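Each of the next two complexes has subunit A plus one more chain, namely subunit B in the first and subunit C in the second.
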Partner chain A sequence: MKVVTGVVGNDIHVVANRLIELSLNARGFEVFNLGVNTYLEEFFDAVVETGAEVLLISSLNGEAEGWSREIKLLKASYKNLDNLVMMIGGNLVVGSGDADEIVPKYKNYGFDLVFHQVDLNTGLDTLEEYLKQRGMR
Partner chain B sequence: MNRLLIDVGSTYFKVSSQENIEQHFRDFNKDILDDLKFKCSKTIECYKKDDVYICSSANGGLSTLIIGLTNSFSLKYAKNIAFNSGINIIESVMYQNLADYSIPSDLIDVVIIVGGINTNKDIFKDDLYEYLKMLNYSNIVFVGCENEAQKLEKNIQNLVILPNIIDEKLHIVEENLKEYLTNLYQLDIEGKEDIKNLYEITANQIYSTPYIVNKTLPFIHIKFGVVDPFILIDIGGATTDIHYSKDLVDDNIVTENEYDRLVFKKLGVYKSKESLIFAAQNNEFVYELLSYLKVTENIFSDESQKGTKVLMQLAIFLVLTKMSHYKQSYINLKLLSINSIVFTGGITKVLSASEIEEIISFFYKKILNSQHNPMTVLDSNYDIWTIGVKGDDNVN
Partner chain C sequence: MSLLQEEREIILSNEYVDNFDFAEVEEFVRNASKDLFISHHFKTKTKMLVQPRGGFPTYKKQFALNEFFVNANVDVLPLTIDSNTRLNDYATAKKMLRLSEENDVDMLNGYPLVNHGYRTTRKMITHFNKPVSLRHGTPDARLLIETAIASGIFEIEGGPITYLLPYSKNFPLDKAFLYWKYVEKICANYSRLNEPINRESFGPLTATLVPPAITITIQLLEMLLSLEEGVKSFSVSFSQTGSMNQDIVMGAVIRKLSAHYAKEIGCEDASIHLVYHQWMGAFPTNKSFAEQLINMSTVIASMVGADKIITKTREEASGIPTKEANAATVANTQYTLGILNGLPKIVDEEEEEILTLEVHAIMEAVFNDPADTLWRKVFNSIKSGIIDVPFSPHIINHNEMITIRDAKKNIRIIKRGNVPIPDRCYEYEKAQCDLSKDTTSIVNDIIHDIGIMQ
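On to the complex of A and B.
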């Protein structure tokens, strides 16, 4: 299964990005890593070009919040992304925040799976479980 | 080696021999060869066909339509390759929105279809074939997902299939499409009567001028004190070409070439004068610029040398603005990082270094709010083009 991943916005947390790639590879995913400083349009464009089923966006410095508000509108401009699984993880706000508030907010932005300050393996276990439930894996 | 180098532009032709360099305004009522012989017969007669090298941008190059999947990858990569192959006229269409585009009425020299990495599938559907039926084109090439090639070949007549320009890491693969487009350009040149006749005086292949300029850039330090990173601006009669070092772009295009090319197709001071004036009038800073240059709007209808000078200054300002982050476009260059701006083409015969610097300084202050002052280098003797034509001799 193909996954497009990368770090959104003006965020250069390259180590976390590389760890995500390695972990996804180890779990048998085919990974297309766009690296750090990636814009939303590039994520969706990469999904279209690769035919990926999952988009995993990471954010470490709270940049995600500003960018994610645009997600629904941008995704709607693409005609074949209705079945795309959208996942985001990392540190999703500037400073500290309550996951109980943050998770619903990001789900409302259009993400299926949201992980705020959750360790990588837990997040990926949940992704695999989710894909199984949807009959995708 | 003693060679005669000839560049046929849309407005001038230049003839460079060991001794000197001549420049002549073209007589559009005459065939290029006749005009050339009329003005420089003595020089031409001194050289054997093997020693005459010609490049041309006079016939405008190929018109190209690219149909691709996304702006960030397929369309961007194909556009990049086309520009670097010397093509000026490029229209692009995003496949998913095919129905929203009007059908071009003019004959298109080449249609490029691109999209998807090789492991993708079921990308192109019947709507593509329907769209293509409405187009009037001479050549068509597919450089996308391998899995789609057979299906497209079955449904599109005379389709040329080349390796995908997007690899499995979403990186660009240039060579095959570049070679195809460069060859097509040659065939196009050879097919045009005006240019075809030039083979009477040369035994060498006639190349497109931008292709030659792009080849020169790695050798530019031979003749000029240029400090990297730099951009090269060629303001001509019909178009304005920019060649830029890749260090100046935050981009996902990773190639072996150090320099890319970009064209503003309707920004020239003779053939495209009207559209240059139109672009200037629609720029919010232009009246401030005119007042800075101590002229009024009437200068647009001034046919004198002064009018041409101001138009060239406007062209510099518009080009820099279009490439800056002030206007979002196909490419935005990090103009605060450049150390040199090299000017070539007719502009070097019209404007002095100080007149160019005046505009550059206005641009940086007004648009980028900066005191940055890159060095201006004028290629007044067409050295850039001669270095490119001589090619490998430069490094030997």
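On to the complex of A and C.
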């Protein structure tokens, strides 16, 4: 199964991005890693280009919050992305915030799976479980 | 008009630039006090030189910081440049400098040297009469370096590889090589007038599990690129790895090989120095622990026999340090150096041999590239993954190499990618690690290995 991943916005924090790629590969996914400093359009273009079924966006400096507000609008301008599994993880606010508030907010932005300051492997276990439930794996 | 002069005029045709009087600048450099040249201090020193990091937007604050450093018995003053100037965005730097001056709040993370200009900055530098080291991170540093030397800053840090691969996603690497070629030429030309201008490479790179073979290879290549343009004084550097033995081995090998490769290109007359960076990875938030870590780094630097140490502060985990904290580290480091006596000599021949073989193999692969000039060979080698820097965000970097720590916390290569690590060395590296684990637990180990000091 194909996954597009990368760090959104002007965020240059690269360490977790490499580890996500390593872990996804180890779990048998085919990974298209756009790296750090990636804009929303680039993510969706890559999903279309590769035919990926999962989009995994990460953020460390918290600027995902600003970008995510535009996701629904932007996604609607692409055709055939309705079945795309959207996942986001990392540090999802600038400063500190409460996961109980953050998770519903991001689900509202259009994400199926939201992980705020959650351990990488826990997040990926949940992704695999979710894909099974949807009959995709 | 020579090509260099033509390039110089293009760089200077910029509304934010001082009106350069090159005849006056040459006179200034020719007659400048020897004390301003770190190359002179390297010749005459009797102890390791101590240099902190630091830069504030306004002249006033930078001056105050320098006063604190001098009172703490600093050997080398830093001048760290703000991030707008690093990206050649002088308009934003100018605006933010004015805001910082008017509101007494720092709107820049360093000193915007181009906007201040050389006439102003020179006053500060000659006032303190200490060598100043320029710290930046600029791919196109041509104008910055012209301004720095005219100001009396006679040590220039950076290089086309070490200032690009850790900091940028897509600035073109080939352009960086050409911009830095200009910097080397300018440094070489001014070096003829007085003591030499010292160039220093930035060895820490991403400061994230970079194996010694990669660090040393890149240090040697930037040294060669600099020496071949006529630079006569150069510092190779690296940062604390997390294993004292690995640091000592690295220090021995980099000294030996820098002399070897300088001689290979007929530049044995250049003087080569070794700089050690205190721990460059994530710091503990507990400030007392941070001080212990800093102190330990100083001990290791002494074991390594570094010529200069670059310090951190107890506030590293929380942002840009205050001048008080910064000066305190300088005083503490000087104290530790003063009481460290009778250090034992440690030599690990097996590790040195393995590392030397690795570096020679990578260097040979770079030299065997069919391109006609060294910078193109290096460029092609990075592009093809012969040189691969773990955790570089740059799109040209291969990211195929994987490293972890062994039981003694040495950084080991467990996947070499396209890097031509000789089979014997590769087997040795892997044999030090427990590779029976699945990838998920290896990823957890890597996360732990990165945050080893927290």
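Throughout what follows, the second predicted complex is superposed on the first by the 137 of 137 C-alpha atoms of A that agree within 3 Å, B and C clash if a C-alpha of one lies under 4 Å from a C-alpha of the other, contacts with A are read in each partner's own complex, and residues count from 1 in each chain.
Everything below uses one rule, namely that a contact is a pair of C-beta atoms (placed from the backbone, for glycine too) under 8 Å apart; a residue touches a chain by one contact, two chains touch by 3 or more.
Note that the structure is a prediction, hence the values are computed from the model and not measured.
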**Request:** Have a look at where A:Val15 lands relative to subunit B and subunit C in the superposition and call it first, second, both or neither.
**Result:** second
**Request:** In the overlay, answer first, second, both or neither for which of subunit B and subunit C A:Glu129 touches.
**Result:** neither
**Item:** Touched partner set for A:Gly51, first subunit B, second subunit C, both or neither
**Value:** first
**Request:** Once the structures are superposed on A, label A:Asn121 by its partner contacts, choosing first (subunit B), second (subunit C), both or neither.
**Result:** second
**Message:** Between subunit B and subunit C, whom does A:Glu101 touch in the aligned arrangement: first, second, both, or neither?
**Reply:** neither
**Message:** Is A:Asn37 touching anything from subunit B or subunit C once the two structures are fitted on A? First, second, both or neither.
**Reply:** both
**Request:** Kindly list the residues of subunit A that each of subunit B and subunit C touches, one partner per complex.
**Result:** 37
**Request:** Sort out for me which residues of subunit A touch subunit C in the complex.
**Result:** 12, 14-15, 18-19, 21-23, 25-27, 35-37, 120-121
**Prompt:** Taking the complex as given, what residues does subunit C use to touch subunit A?
**Reply:** 167, 169-170, 206, 208, 390-393, 395, 399, 402, 438-440, 443-444, 446-447, 450
**Fill in**
Listed in rising order, the residues of subunit A that touch subunit B in the complex are 2, 30, 32, 34, 37, 41-42, 44-46, 48-51, 78-80
**Asked** Can you list the subunit B residues touching subunit A in their complex?
**Response** 69-74, 96, 115-117, 119-121, 123, 166, 169-170, 250, 252
